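For reference, the structure discussed in these notes is given below.
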Amino acid sequence: MTTKTIPTTSLCTHTLTSLTYGDSNLVEDLMGKKTFTEVMLMQILGRTPRPVDLRITDVVLIVLMEHGLTPSAIAARLIYMSAPENLQGAVSAGLLAVGSSFVGTMENCSKLLDRILAAPDADAEAQAIAREYKALKSPVPGFGHHLHKPVDPRAYKLLEMGKAEHELQGHRIRALETLSKAVDEAAGRAITLNATGAVAALLGEIEVPTNVMRGFAVISRAAGLVAHIVEEQNNPSGRFIWDTVEHAIPFVRPGAKQE
Amino acid sequence: MTTKTIPTTSLCTHTLTSLTYGDSNLVEDLMGKKTFTEVMLMQILGRTPRPVDLRITDVVLIVLMEHGLTPSAIAARLIYMSAPENLQGAVSAGLLAVGSSFVGTMENCSKLLDRILAAPDADAEAQAIAREYKALKSPVPGFGHHLHKPVDPRAYKLLEMGKAEHELQGHRIRALETLSKAVDEAAGRAITLNATGAVAALLGEIEVPTNVMRGFAVISRAAGLVAHIVEEQNNPSGRFIWDTVEHAIPFVRPGAKQE
Amino acid sequence: MTTKTIPTTSLCTHTLTSLTYGDSNLVEDLMGKKTFTEVMLMQILGRTPRPVDLRITDVVLIVLMEHGLTPSAIAARLIYMSAPENLQGAVSAGLLAVGSSFVGTMENCSKLLDRILAAPDADAEAQAIAREYKALKSPVPGFGHHLHKPVDPRAYKLLEMGKAEHELQGHRIRALETLSKAVDEAAGRAITLNATGAVAALLGEIEVPTNVMRGFAVISRAAGLVAHIVEEQNNPSGRFIWDTVEHAIPFVRPGAKQE
Amino acid sequence: MTTKTIPTTSLCTHTLTSLTYGDSNLVEDLMGKKTFTEVMLMQILGRTPRPVDLRITDVVLIVLMEHGLTPSAIAARLIYMSAPENLQGAVSAGLLAVGSSFVGTMENCSKLLDRILAAPDADAEAQAIAREYKALKSPVPGFGHHLHKPVDPRAYKLLEMGKAEHELQGHRIRALETLSKAVDEAAGRAITLNATGAVAALLGEIEVPTNVMRGFAVISRAAGLVAHIVEEQNNPSGRFIWDTVEHAIPFVRPGAKQE
């Protein structure tokens, strides 16, 4: 053995006649008494969620659920067409798109908010971040959106909702606004604050750790992808997508590329 | 092109300044006004869900979320240890376990309920099903559970809740009870009606098609697996699982097996 | 514990200073002495492969590797764009397309060959199969191809190669030809025997069990998908595919569909 | 459209009666004439591989195929038990373990070799790298192995084979040896050079780009996982693994952990 300590779990246990989630008896305490959002949050955060936690989680999960025929949804539909006996495989394939470039980007933004909050001078740190990304010619995570300009309406609404919640500390929302100001200054123009940026701030406000945030995108997108698969069952698009892509991208002989 | 008709989507569209889910403006109609369960169900069923639909969906999603260190959770934890930069990969791996043998079995049970409801004589059809599986020496989907005996407490509670909902027709719950009676008779003793059997009946009562049901297990388990990954972050088990399994299963030389 | 017997493994074991694959010392017996195909087949079949086994396996793996911008390749490219830090996720997503409808269909065809070989009268059984699928208005697995007509050149070559190997029994190739004749008769015209049909026959000739065959498609396609990802690194298509698909499939309001 | 240029592909095209891989007619030029390794390498590297390329690729693929009951293999077996109709899902799940922590680590090591080769003073750069990782208290990628000490026999053999190939430049092997010397000096003792370190050097010698290397682990491990699934079919371990893990990891109530 190369490990010495025995890990433990606090998520769930069972006897022949009962199931326990954390401290709660599933049948007695949860079924018919709690919503899905409530139990999910209880299990992820390891504490009883407050009403404000549920409001923030619900709005975040709704916002991340859908953006139409994204890479994630297209992949799920193509896999479903290929293996319809295997719905879970189609969802799994689509979820693999929740990465560092799309959907999962709230994690990258939240790391920046962590930096700003840990720094002695928030403004200076935000300006340093903006300069770093400008030097890399790379968008700052949480900013810019190729489909929503000049304002991402989801981001605006999320921040408005977050600010109206008086039980939240507001420090991560302020860190995001500080970063937004610095990003605009570095660019010399207003840069769209996008939905994943606002999600990073709001999930942080309810004490979701940065490295857990991507999980909310995964849960939400799982629901969105199931809806895409249901639509694919009723109004199939897979073969059409295949034909369209195959005809849109020409074959060129390997040598021809270098010419 | 081998396809003639152009498919359409009704799930989501966007302009530079708005997002629409189905018939609803995301920012105006949904954010802060609807729960995750509500929007998910609206998108999957293509209609505004009733309160009873939400109650049934919430309880089903809660029940399917967890069963401790299942194959699904173990796989997710091992993949997370191997590629922690990639939370979505760990969830995807775990979701691939939602198949025909565990968790996803409500689909198999629901097909039997479809058969019973389509038959002229429900009792005779249920008895025929029970005989078929007995001849195959195979458990009837929705019945039996190696960890819950003699009664699966989740199943009992689910059916109780379903029967208390007067807006539901009750025909699928009755079909399941008819099947349960036939299964007991064929076995000559009481056979545990398990949670996936009750889930099959209840999701059918709110008009979820049989081939969509597995999607609810996928959504729910995605949330459960995120909680397992959070626990893995705080209390790692992956290396211990690896060591334990490697030491528990001995290597025998290929020739030695046949001796 | 619900299991009594302890499973064993014969694939691999290790000490601090050695690795053993089956009966072979990795460093002494395999490295520099055996090809990838040879070791793979040794591990999968649990025996030392003959030269004829290697020739058949190599040609099968080559044939299954590529078919251009298939659903599998499109999905892998989209996932790679979304999470480029995670090459394995893109391959995994693409492999999930190796299902019952494409690529993995040799398994379905091989089951029919199993039936024909087990039947007292091969011709009668083949005719029964052809009639069954005709009644279902469903193509017989291994027959028909929407992109290769009237002859799948890969299938023709595979069978020619299989028949030239005198160490093979030829009984599964003959079963496939019997089936092909019956399919043509039932249709009243020549139906294309496709590559997966020929693969089913050839893998069976080298004693690959039916329920293992899909694994060869998975291995081969993994290699093909890595090549797609390399091309995606050098000549990105993901964003173009997204734009193309999103513009090709119109949004219609949910109500509008029923009108 | 947000993209202007139309991507192209050079991997594969087809007509009704032919398939072309790159510049080669599949039926005329490849089937029966080339091995799987040869065609795979042709497609990935975009050139006709030399015999030395094939020798290096074969030995690398053999070495990466197996290491017994790894997290990857355990996950694949558990998923196969849960959804046996879906072999590709089990392989996909297992491949998701080819990440930054295991198997896929040759990519991390190769980045260090890239740094050493790009630096004006290779020794100084190697020493800088060794110091950086020492400061992080983190093992240098390509060095250390919890199961092979003091020498990883695979690494030793790989480097011996690489050095015996006179067509290779040897510069990446020398960079690895420079790094190895610096790592030993920084530690004050000999640190195991592991198999993924040697793989990084050898794949680099045949001009596989750093960000493609993980693909070779994926292809090789796909073959290894298929063998595990075949063993699982014949000698099932999934239920035993589930029971063993569930019994080895105790449940503690959430509050109890903090005490």
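Think of it as A, B, C and D in the order they're written, each chain with its own count starting at 1.
Quick note on the criterion: a contact is a pair of C-beta atoms (placed from the backbone, for glycine too) under 8 Å apart; a residue touches a chain by one contact, two chains touch by 3 or more.
This structure is a prediction, so every number in the text was calculated from the model and none was measured.
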Item to check | Intersection of contact partners for subunit C and subunit D | outcome: A, B
Item to check | Interface composition of copies subunit B and subunit C: same or different, split at half | outcome: same
Item to check | Inter-chain centre distance, subunit A versus subunit B - centres from mean C-alpha coordinates, in Å | outcome: 23
Next on the checklist: Need the CA-centroid distance for the pair subunit B / subunit C, whole Å please.
Outcome noted: 29
Next on the checklist: Measuring centre to centre with CA averages, how many angstrom lie between subunit A and subunit C?
Outcome noted: 35
Item to check | Where subunit C touches two or more other chains, by residue | outcome: 2, 6-10, 12-13, 46, 68-69, 83, 85-86, 88-89, 92-93, 96-99, 104, 147, 235, 237, 240, 248-249, 251, 257
Item to check | Touching residues on subunit C, where the partner in the complex is subunit B | outcome: 2, 6-10, 12-13, 20, 22-23, 46, 83, 85-86, 88-89, 92, 146-147, 248-257
Checklist entry - Can you name the residues of subunit A that touch subunit B in the complex? => result 1-3, 5-14, 16-19, 21, 26-27, 30-32, 34-37, 39-40, 43-44, 46, 55, 57-59, 61-63, 65-69, 86-89, 91-93, 95-99, 104, 147-149, 151, 153-154, 156-158, 161, 209, 211-212, 214-220, 222-224, 226-231, 233, 235-237, 239-240, 243, 247
Item to check | Touch list for subunit C against partner subunit A, complex | outcome: 68-72, 74-75, 78-79, 81-86, 89-90, 92-94, 96-104, 235, 237-238, 240-242, 244-246, 248-249, 251, 257
